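Look for chain A in each of the two complexes below; its partner is chain B in the first and chain C in the second.
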Partner chain A sequence: MKAQPIGGRVVTPVTLLLGLLVAIALYLLGKRFLLGLGAVTNINDGFPWGLWIAWDVVIGTALACGGYAMALLVYVANKGHYHPLVRPALLASVFGYSLGGLSVIFDLGRWWNAWHIFAPAYIQWGSVMVEVALCIAAYVVVLWIEFLPTLFERLGMTDARAKLDKALFVIIALGILLPTMHQSSLGSLLVVFGYQIHPLWQSNQLLPLLFLISAIGMGFSVVVFEACLSSVGFQRPLEVPILERLAGILVWLLVAFLVLRFLDLAVRGAVGAMFASGALSFWFWLETVLFALPVVLLFKPQARARRQALFLAATAMLLAGALYRINAFLIGYETGPGWHYFPALSEVLVTVGIVALEILAYIVFVRKLPVLPRAH
Partner chain B sequence: MHQDPISTLEAKLGVSRRSFLQFCTALAATMGLPKGADAQIAQALAGAAKRPSVIWLHFQECTGCTESLLRAEHPTLEKLILEIISLDYHESLFAAAGHQAEAARKAAMEANKGKYVLVVEGAIPTKDGGIYCKIGGHTAMELTKECAADAAAIIAIGSCASWGGMPSTPPNPTGAAGVNAIVKDKPVVTIPGCPPNPYNFLATVAHFLTFGKLPAIDEKGRPLFAYSRLIHENCERRAHFDAGRFANEFGDEGHRKGYCLYKLGCKGPETYANCPSILFGDVGSGSWPVGTGHPCVGCTEQGIGFAKPIHALADLKNTYPPASYPRIVEDQGQGLSFGSAALVAGIAGAAAGAGAMLARNLGRKDDESDKA
Partner chain C sequence: MTITRRHFLKAASAGGAAATVALATPAPAEARTNKLMPPKALGLLFDATLCIGCKACVAACKQANGMPQEVSTPERLWDTPLDISGKTLNVIKVYQHGTNAEKDRETNGFAFVKKSCLHCVDPSCVSACPVSAMTKDPETGIVSYDKDACIGCRYCVAACPFGVPRFQYDTATPQIQKCQLCKHRMPEGKFAACAEVCPTGATLYGPVEALKAEAKRRLAMKEGDEAVFARGDIRTPYAPHVRPAAKYLQRIYGETEIGGTQMLLLSGVAFAKLGYPDLPAQSYASRSETVQSTLYGGMVAPLVALGGLIWAVRRTTKNGEAGE
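Here is the complex of A and B:
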């Protein structure tokens, strides 16, 4: 099953709308860099990070774990039949990670010092944040190299393609190692916060593992989600048999996640907090229901062949992973009495613009480059 | 009955053993000496077989240094200084006068050649051959050279002897200079101050008597134990400086509240001395110039004291006020705004709608493939 560009017009009402949203975000970012964070965001000394970190970076990179999850499956578990899904997954990951990495700079108070991350003299080697920053930066480069064969193919550079193929296994190995490191570290970031994270989400032992498992789950789900979306959007058939098997993996991954999650809560004595934390209890149960939904929808193997169930389950998993991160990073983050945070209008518009840019770039790339499998 | 030297001293000076040991401990602490040094000092002061001979010269000065030493409020201090050392020549304290006094000096110098301690109080005029200060027909320069030649240790007490002090204030008509300018072949310990704290002098002498050598000194001859820190570093009003609270004129609200005196010309930030740590007069806290509400005039610092106007601002050497002070009101963030809530709800609604449409669409395809 060879990949090929799907062709078609690039300028459509949808891409124009996306372009407009990107333009709004660029305007607001210009304002942010000229006038400072306070001019555009609602973040304050009690909530030094907000939507831009929780969504654009933490959730954004988790949503971009499709490439990572598929690489795990295809190259580590040696399941070659999933290969047609690797390129589209990789493409989404390239954009997700590049923009996620870039978003960190938007959120840096003194963004002109961002280069310190790469200057060893400035690095505090014990910092989890440095690990995350360096790892994500390295992974963005790795992802682009992983994606290079697609570009070479399009440009007819067969020599370069052949040369790259010989070295690609190293890059692919890195492409599996790096996300394993930083997706778990995003959980470790919260360990440092100690009691400032509500007991429903704080877990010294398991936060890194829970973040890693849910990121892989989101990676698989995003592959299913994108396949559904592009099958409808570009009027293409869906590779149901492959997605079916992917769904099976997702179900057991989520069962493992939920067992660990509840065991952890029980061991930490946070069972009572599940019911007695007011609004936080609501958010906890919403998140848990969303995590459980794919298991319920796809538990029976027959159900996994249904496109609707696949789509709903993938969506639920993506929402669950996103809400888990929002809960842990913002809603369950208790910085002390009197502090408030809800993203400002302009802050949300920047995030919307970044998502719009990702979708826009995805549309342009699949129309122009051999990404999606040839329709049959 | 055998008596230990400290008990003997008790009888001799009428000082209680406890007071004496406290005094020795205070001296050891002033110099920052390690544990056990207090006992060594006590043994050395009480057990000296022969009291060391001290020759005390007076030149261009006000006798304030001697006064402050004698007026120190430790009841035994003047006894200690007079009993522990053999003050063989001191113009202010001598009963003898004229040729008799000069003869005593020469006799003491001869008898204790190479062993006596020379203390110089007051500046030495150097202009026109030093003719502006003469004692017994000899200029201050000649006397200093003569006495320094066979001295075991030379101590310049007060700012005048240290670098010229007040008499050297520009235009310095007599060419007043410190002992360092005359005695160049031997180390001279300087104890600047106007007057200097008596404990810094006594500690230096006690160090010499106990360990046979003078304490460590800086390049200006000042003992490091007393002059290695800026007054500003240990000032009791330092917190006001850091917080930006200053007295702006004498008697204003800040002055009455004990704020920092930097803006009144306090020279604490450029003057090295231990005044804020050991205070003056043994009467407890606040008994030093800044503590009483007067800016430091920098009397221990050459080029500052008697040279720089009292109202002139000090040059900050190693501490600077912050560029900005912490805010009092902290913005604690705002909750939901109408616009952002509407936008988030709108996005959620649109996504839910699109998701539902997509799910229905996919469901229809499921049905088609079921039929097929």
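Here is the complex of A and C:
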């Protein structure tokens, strides 16, 4: 099945609205760089990491795991049967990771020193953040190389395309290894926080694994979610047989996640905390229900062909993964009495602007480049 | 061929899944244990029972470190920091309960406590910092900050179990601020300003070993007996402060907490009530670095995984175009 540009107008009311949201974010970022982080965000010394880290980086890159999850499936576990969904997933990952990486700069107080994290003279190898930063940066490069064949195809550069194809297997292998490393390390970031992370979310041993599994689950779900939206938005048929099989894998991935999650809680003696932690218990159970929902919705193989069930399950999984991260990084984080954090409107608008830029770029690319599979 | 769970599981057991396996079940690696106290470790002994809450140390700290005022009262007449911050490295806080009748008593009592960097033996901030901006001196153990290395990520602020490093949110060129034990005054032969000005010896400066011995001596005192307390630097003290010994909790805070700290505390009131939480003996830095070295030690697991992945992807893409 060949991919082709879907064509159509680029300037529409939707893209204009997205452009406006990007402009607002740019204005607010200007303010942030002139006056400091406090001028735009509500972060403080009790919550030094806010929305821009928890959402833009930790959740943003997990939402951009579609390319990773599909590569894992297509190139490792199967023999190339999901090709029609690889390119759109890859494209979303290219933008998700590029902007996730870029938005880190907005959050860095001393951003002009950001290059230090790549300079051996400065690197402190014991820091989990070094691993995360190096891996994400390398993966952004890998993603763009993985996406090059699509560009070459559009530009008719068949020679370059053939040459790249010969070496692409190494790039693809790296494209699987790097997210495995940094998506797990995003969980490991929390280990050094010690008691400041509530026992419902702190875990020395399983944080990396739980973050990794949930990121892969979010990757598959984002593919299903985007396929459903693309089919409605661009009025194209839904790739049901493929999505059906993705759904089956998602179910078992989530079963594994929930079993590990509860075993870990039991081993750490945090069973009582599930019920006795007040508001935190509520957030824990909301998160758990969201993780369990796709299993319930898609457990019967017949259900996996229904667009509605697929869309609902994918949405639940994305919310579950996002809430798990918000819970671990913000809601379950307590550094002492008297500290509060809720994102400022201006802080939220910057995040909205980044998401708008991702969607805008995605729309332009699929209209101009051979990304989506040819409609039947 | 269609993918089924059986196929997926079968493939998952193949070489390609080496990635997941290598990362999920790492080879047993040497766990990183707590770091040890540097040989010439310097620190402070804060004795809450001696502190009268005069805040001379707060003012002296501001002056010695050239820090700006922080006003919190409507009159805006005095420097009145409520907590350590991007503008304040040291504060004295008060614990109050009920009628506040008696000092250093938990019920119906009150107590003063110092808040500033504890200069951990195995600091979380140093372990968290990605660019070596937070460092621990191998000789003195002083935990220092280098603004020229810092990228402003605030991982240190988030990681410190005592909430010590503070960030400046109101400037385009922010820095982290924390006590560095007045190391800039050492070449002039001076020591920590807070201990230098303390009139009662509540904050005492010196080698950690000597301070620990002094703390043990105080814990052995009998309540009400006349006792002698050194002031300033324990090695070259000023004229001592003589007064009856208070009732101490039999505990030196900082002796074992997350691998020990170079500021030690004594108190008559439970430390948790004074903002010093009960912490395990294993440092959080060692836990975090054990996780990292288990997964990435010598980059063995990632390289093995990469080899397996290259093999698996090559096998899959041999007969078709990878980029299609």
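Operating definition for what follows: the second predicted complex is superposed on the first by the 375 of 376 C-alpha atoms of A that agree within 3 Å, B and C clash if a C-alpha of one lies under 4 Å from a C-alpha of the other, contacts with A are read in each partner's own complex, and residues count from 1 in each chain.
Going forward, contacts are C-beta pairs under 8 Å (C-beta built on N, C-alpha and C of every residue); 3 or more make two chains touch, one makes a residue touch a chain.
Bear in mind the structure is a predicted one, so any value in this text is a computation, not a measurement.
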- Query: For the overlay on chain A, clash or fit between chain B and chain C?
  - Reply: clash
- Query: Looking at the overlay, does A:24 come into contact with chain B only (first), chain C only (second), both, or neither?
  - Reply: neither
- Message: Contacts for A:342 in the overlay, against chain B (first) and chain C (second): which applies, first, second, both or neither?
- Response: first
- Is A:108 contacted by the first partner chain B, the second partner chain C, both or neither? second
- Message: In the overlaid three-chain picture, which partner chain does A:116 touch, first (chain B) or second (chain C), both, or neither?
- Response: second
- Query: Taking the superposition as given, does A:46 touch the first partner, chain B, the second, chain C, both, or neither?
  - Reply: both
- Task: Give one of first, second, both or neither to describe whether A:352 is in contact with chain B, with chain C, with both, or with none.
- Result: first
- Identify the partner contact of A:311: answer first if only chain B is touched, second if only chain C is, both if each is, neither if none is. first
- Partner chain(s) touched by A:177 [first = chain B, second = chain C, both, neither]: second
- Name the chain, either chain B or chain C, that contacts more residues of chain A. C
- Query: Once the complexes are superposed, what residues of chain A are shared between the chain B interface and the chain C interface?
  - Reply: 43-46
- Item | Complex contact set, residues of chain A against chain C | 2-3, 33-39, 41, 43-46, 48-49, 73-83, 107-111, 113-114, 116-117, 122-124, 126-131, 133, 146, 148-150, 161, 164-165, 168-170, 172-174, 176-177, 180-181, 184-185, 188-189, 191-196, 204-205, 207-209, 212, 241, 245, 248-249, 252, 333, 335-336
- Query: chain A touches which residues of chain B in the complex?
  - Reply: 330-337, 339-341, 343-344, 347, 355, 358-363, 365-366
- Could you please specify the touching residues of chain A with respect to chain B in the complex? 42-47, 228-229, 232, 238, 306-308, 310-312, 315, 338-345, 347-349, 352
- Task: Report the residues of chain C in contact with chain A in the complex, numbered from low to high.
- Result: 1-5, 7-8, 11-12, 14, 16-17, 19-20, 23-24, 85-86, 124, 126-132, 147-155, 157-159, 161, 163, 166-175, 258, 275, 277, 279, 284-285, 287-292, 295-296, 302, 305-306, 309-310, 312-314, 316-317, 320-324
